[in-house]
Structures are given as structure tokens and as C-alpha cells.
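Across the two complexes that follow, chain A remains constant while its partner is chain B and subsequently chain C.
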Partner chain A sequence: MADTPVSSTTLCTMTKLLEWLLGVSVIGIAWGLVTFDLLDLHVPSQYKELAWPMPVYLLVVFGCYSLATVGYRVATFNDCEDAARELQTQIKEAKVDLQKLGLKM
Partner chain B sequence: RINMATRRSNTNTCGQSDTYSVLLPTYNERENLPLIVWLLVKYFGESGYNYEIIVIDDGSPDGTLQVAEQLQKIYGEDKILLRPRAQKLGLGTAYIHGIKHASGNYVIIMDADLSHHPKFIPQFIEKQKAGGYDLVSGTRYRGDGGVYGWDLRRKLISRGANFITQVLLRPGASDLTGSFRLYKKEVLEKLVEQCVSKGYVFQMEMIVRARQLGYTVGEVPISFVDRVYGESKLGGNEIVSFLKGLLTLFATT
Partner chain C sequence: MATGADQAVGFGLVGCSLLLFAYYTIWVIVLPFVDSDHVIHGYFLPREYSVILPGVAALILLLCVGTFIGIVTWKNRKPKKID
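Let's look at the complex of A and B:
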């Protein structure tokens, strides 16, 4: 493997669970800082009002996206009718040929 | 359609021929085994690639092994290898057992119940050569891949489970539970040694670990013809054990 900087090596060996926890923590801290003005940054109130319901909004958006994506994928799931027909034809052909070659079923 | 270019591509840079070992774990496949072997012989014959078929029967009570012996007489012991086991043991150990006896430098794993069609094997081979992939996976979810014989419930469960898997594991492959794949032999050996899961999750773990180890994964759309679904519906137990396995992979890889 080529030389990789230490920080990306650490990330590469993190489990997906840890990556998620890290991501959620970073977003959570950012949200907390803005909504509750934890660092006394004197964040304008409209930003606070915008940030406060964000977690719920994001969850709802993700939920809708998931339903839409899975719904679309189920609807467009290819039905391989031709493949099934072809297989049936080939099975018949195979059985005849195998009998000729001496197979006893 | 075999021309000189195809023949030439059978040899790698060292001038040795590529040989493809097909592993066929079987359990009660007395009726399907001759058909799958016939199809494999047909498509490998047409493509000109070197191959061997290794039948790993787990002590089937229906006489699968006897049928395999007949096939061996018909097609030759160099093409059909029998490596049976006394009883039904796991798929992972079947692969390990099969690899030990495989003389090829590539290994193809597939189901013996005709849900996987050998006509895709030349496409797997060409994809592997084109991209130099360490493994090529058949996908039902992309391109003109698909299934036959699934009702709405089954499709919903399949796509739903795949979606959750993609979100949690971001695996870089569209079909993780599929078991129609071409591996470089040493890659399969390495992966089977590392994987601990069972069932559907085993196939998922193989791809996840492959990515972890830096192996490259190519995909080829395949059609999956399910003739068994009517008899064995996907029940609550399997769904629960799938989710448990998925969460384990999520927390450990």
C-alpha cells in the first residue's frame, strides 16, 4: 500500500459504526452550538430558529428519500421473463442431449 | 464466434493459460446437476476458456453423487471433479474444500439450482480481463440485471434490505447477497479465511472484507431465475438473522 498520512489511516481502520458516531457527534455539536449559543457567539435568532428543528427535518427528509428510493427500485425491478423462457427451452434441449450421451435419470 | 483474439486472450503475460474452476456445492440436486453441468459445458465450450467443474456434494440422500459420477463418465474426469463430503457442512467450508482441489487460477462460485445461468460466465471473464478485477460479482440490481419468480413482497424485502445495507456499509457494490461470482483464486482463499458469518451475511462479508483489503470489485448484471421461491418463502427468522448479521458487520468492519 502507498504511504498514507496517519489521519486517513486511522479513518480507514475505523468501523462503520464509529464513522457514523463521529459524523453524528460532529453534526450534533454544531447543532447544539448554534441552537443554544453555547459559545456565546451571539448567533442571530433567525439562525437559531432555523437550526432548532433541523434534526427532525433531516430525519423526515431521509425517511421520505428512503421510501421513495426503495419504492422506485421495487417498481423498476426487472422481471426476467425472457431468461425464464430461455432456461425452459434449454432444459428440454439438455435432457434430450444428456439421454443421448447415456445419462440415466 | 471464437477468433484468434479470443484464443490469445486465454494466456496471461507469463504465457500460461488461465483456467477457471467452477465450484458447485450441492445438496439434493439430483435433477438440476446434469442440467447445470450441460449448460456449463456448452458455454465454456463455445467460449474456448479452460475450465473444470468441482462438485462438492454434502452427502445428499437423493443420489446426487451417483448422478455426478455418471456425468464424470460422460464428460471426463479432467472436466468434472468430485470432492464430496459426508454431511451438510457450511458454504464457507465448501469453498475452502473446493479451492484445495482447484487447479485453476480463477474460481467461479454459483448456485447449482439453475437460478444462476452459465451464459454470464464468459461476461464475468471478459469483465475481469478488461478491468483486472480481483473479483467480479453478478448483480441483480443494476443495468439489465433482474429476477424472475418473485412476488411484490419478496422484491420489497430484497430492495429494502439492500437499501439498509448500502446506507450502513457503503460497500461500493450493488448486490451484496448474491452468490454468483468470479474470484482470483488467491483472493478467494484470503477472504474465506477471514469471514465468520453464515448464510446471506457470509456473501456480504466477503465483499465488505474484499474492499477493506483493497481488492477491486467489478460487476456484471445477471438474471436470477428463482424456481425454488414458491417452496421456501423468506420468513421472519431469516429476516431477523440477516439484520443481526448486518449490524454485526456494521459494528466490526
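Let's look at the complex of A and C:
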């Protein structure tokens, strides 16, 4: 799925993987330029202070989002009373049938 | 709707992650633009810790996952059958 071509009339086939890698490396280079002052851009010190923890910050935000999604789905998962009762009766029927056939429980 | 303990655990997780997100966002994004003699800086550790603490937490998480896998693998080891 990740390797299906995005456009078909270019010199090289740009797959989704290549697209993602390109995007990530562009952002990475921009971050590196700001954090390590590679181009002498005279970025104000506050923006430099803001930029260098960015990769860790994005990871932490992603972790928080995952945790919140899991927690919310756990809290709003519906109990299925009817299905539970039906399953219990089916288990009892199965046990009776198998004991008739000779399986020891 | 899920009942009782499920709801408590679920909404507890949501609340914890919101708190963590708010604290970490203020620490990383808001504080550089606040005057260095403002009161609020006293509630936050020096900036280096905003990278070190998540790194340490990630290492501890990896350690726990690895230990769990190791314990489960050790418990399920069976001696080779002799034919």
C-alpha cells in the first residue's frame, strides 16, 4: 500500500514512501538549520529556544494523543448484554453436546 | 456505555494525558516568550530537562517492555523432546 505510485507521468515514480521521506527530511533540514545556526540567519534567541526541543515535543504530543484516544475508547466501549447472554447459552449447549459425545471436561 | 471501572480508567487516562499535554506545551512553547523574571518560571525545571526527562522515560519504557518479553519467554521455555 505504501509503495503505490502517486503520479504516473513523471521521470521517476514518486511512491508514497518517497513522498513521506522527502517531507520528513525537508522538515529535518529546516529544524537543523534553525537549531545549529548553519546559515547564520540571526534567528531571535527565543525562536531558537523554541526550536531545539521540537522533535521530542512532537513525540510527546503524539504519545499524549495516543493515550487520550485509547482512554476515551475504553470509556465509551459499549457493553453488549444480549450478545453476552447468547454466548453463555451457546457455551452451555456446546458443553452438553460434547459430554454426550464422550469428551471429559 | 461501558460502566464503572472501565469509565473511571478511561476518563482518568484522558485527564492525565490532557494535564501532561498542557504542562509540556507551556514548558516548551510558552516559556521562551515569557520574561525571565516572571513568577511562572519557578514552576518549571530548567529547559534541558524538557528533553532529558522524556528520553529517560522512553528508556524506562523500553526496559519494561524488554523485561516483560524476557520473563514471558523464560516461563514458556520447554525442554526439547527426545524421540
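Definition applied: the second predicted complex is superposed on the first by the 61 of 105 C-alpha atoms of A that agree within 3 Å, B and C clash if a C-alpha of one lies under 4 Å from a C-alpha of the other, contacts with A are read in each partner's own complex, and residues count from 1 in each chain.
Definition applied: a contact is a pair of C-beta atoms (placed from the backbone, for glycine too) under 8 Å apart; a residue touches a chain by one contact, two chains touch by 3 or more.
Remember, predicted model here, so these are calculated numbers, not experimental data.
Within the superposed three-chain model, A:39 lies out of touch with both chain B and chain C [touch as defined at top]. In the superposition on chain A, contact of A:79 is made with both chain B and chain C. Look at A:90: by the touch rule set out above, it reaches chain B but stays clear of chain C.
Once the two complexes are overlaid on the shared chain, A:103 sits against chain B while remaining clear of chain C. Of the two partner chains placed around the shared chain by superposition, neither chain B nor chain C is touched by A:21. Touch criterion met: A:60 reaches chain C, while chain B stays clear of it. Look at A:70: by the touch rule set out above, it reaches both chain B and chain C.
Residues 70, 73-74, 77-79 of chain A lie at the contact with chain B in one complex and at the contact with chain C in the other.
The touching residues of chain A, when paired with chain C in their complex, are 46-47, 49-50, 52-53, 56-57, 59-61, 64-65, 67-68, 70-79.
Chain contact summary for the complex, chain B toward chain A: residues 31, 34-35, 38-39, 67, 70-71, 73-74, 114, 117, 141, 144-150, 152, 155-156, 158-160, 162-163, 167-170, 214, 223-225, 249-253. Those residues of chain A whose C-beta lies close enough to touch chain B in the complex are 1, 15-17, 66, 69-70, 73-74, 77-81, 83-84, 87, 90-91, 94-95, 97-98, 101-105. Of all the residues in chain C, the ones that touch chain A in their complex are 1-3, 6-7, 9-14, 16-18, 20-21, 24-25, 28-29, 32-33, 47, 50-51, 54-55.
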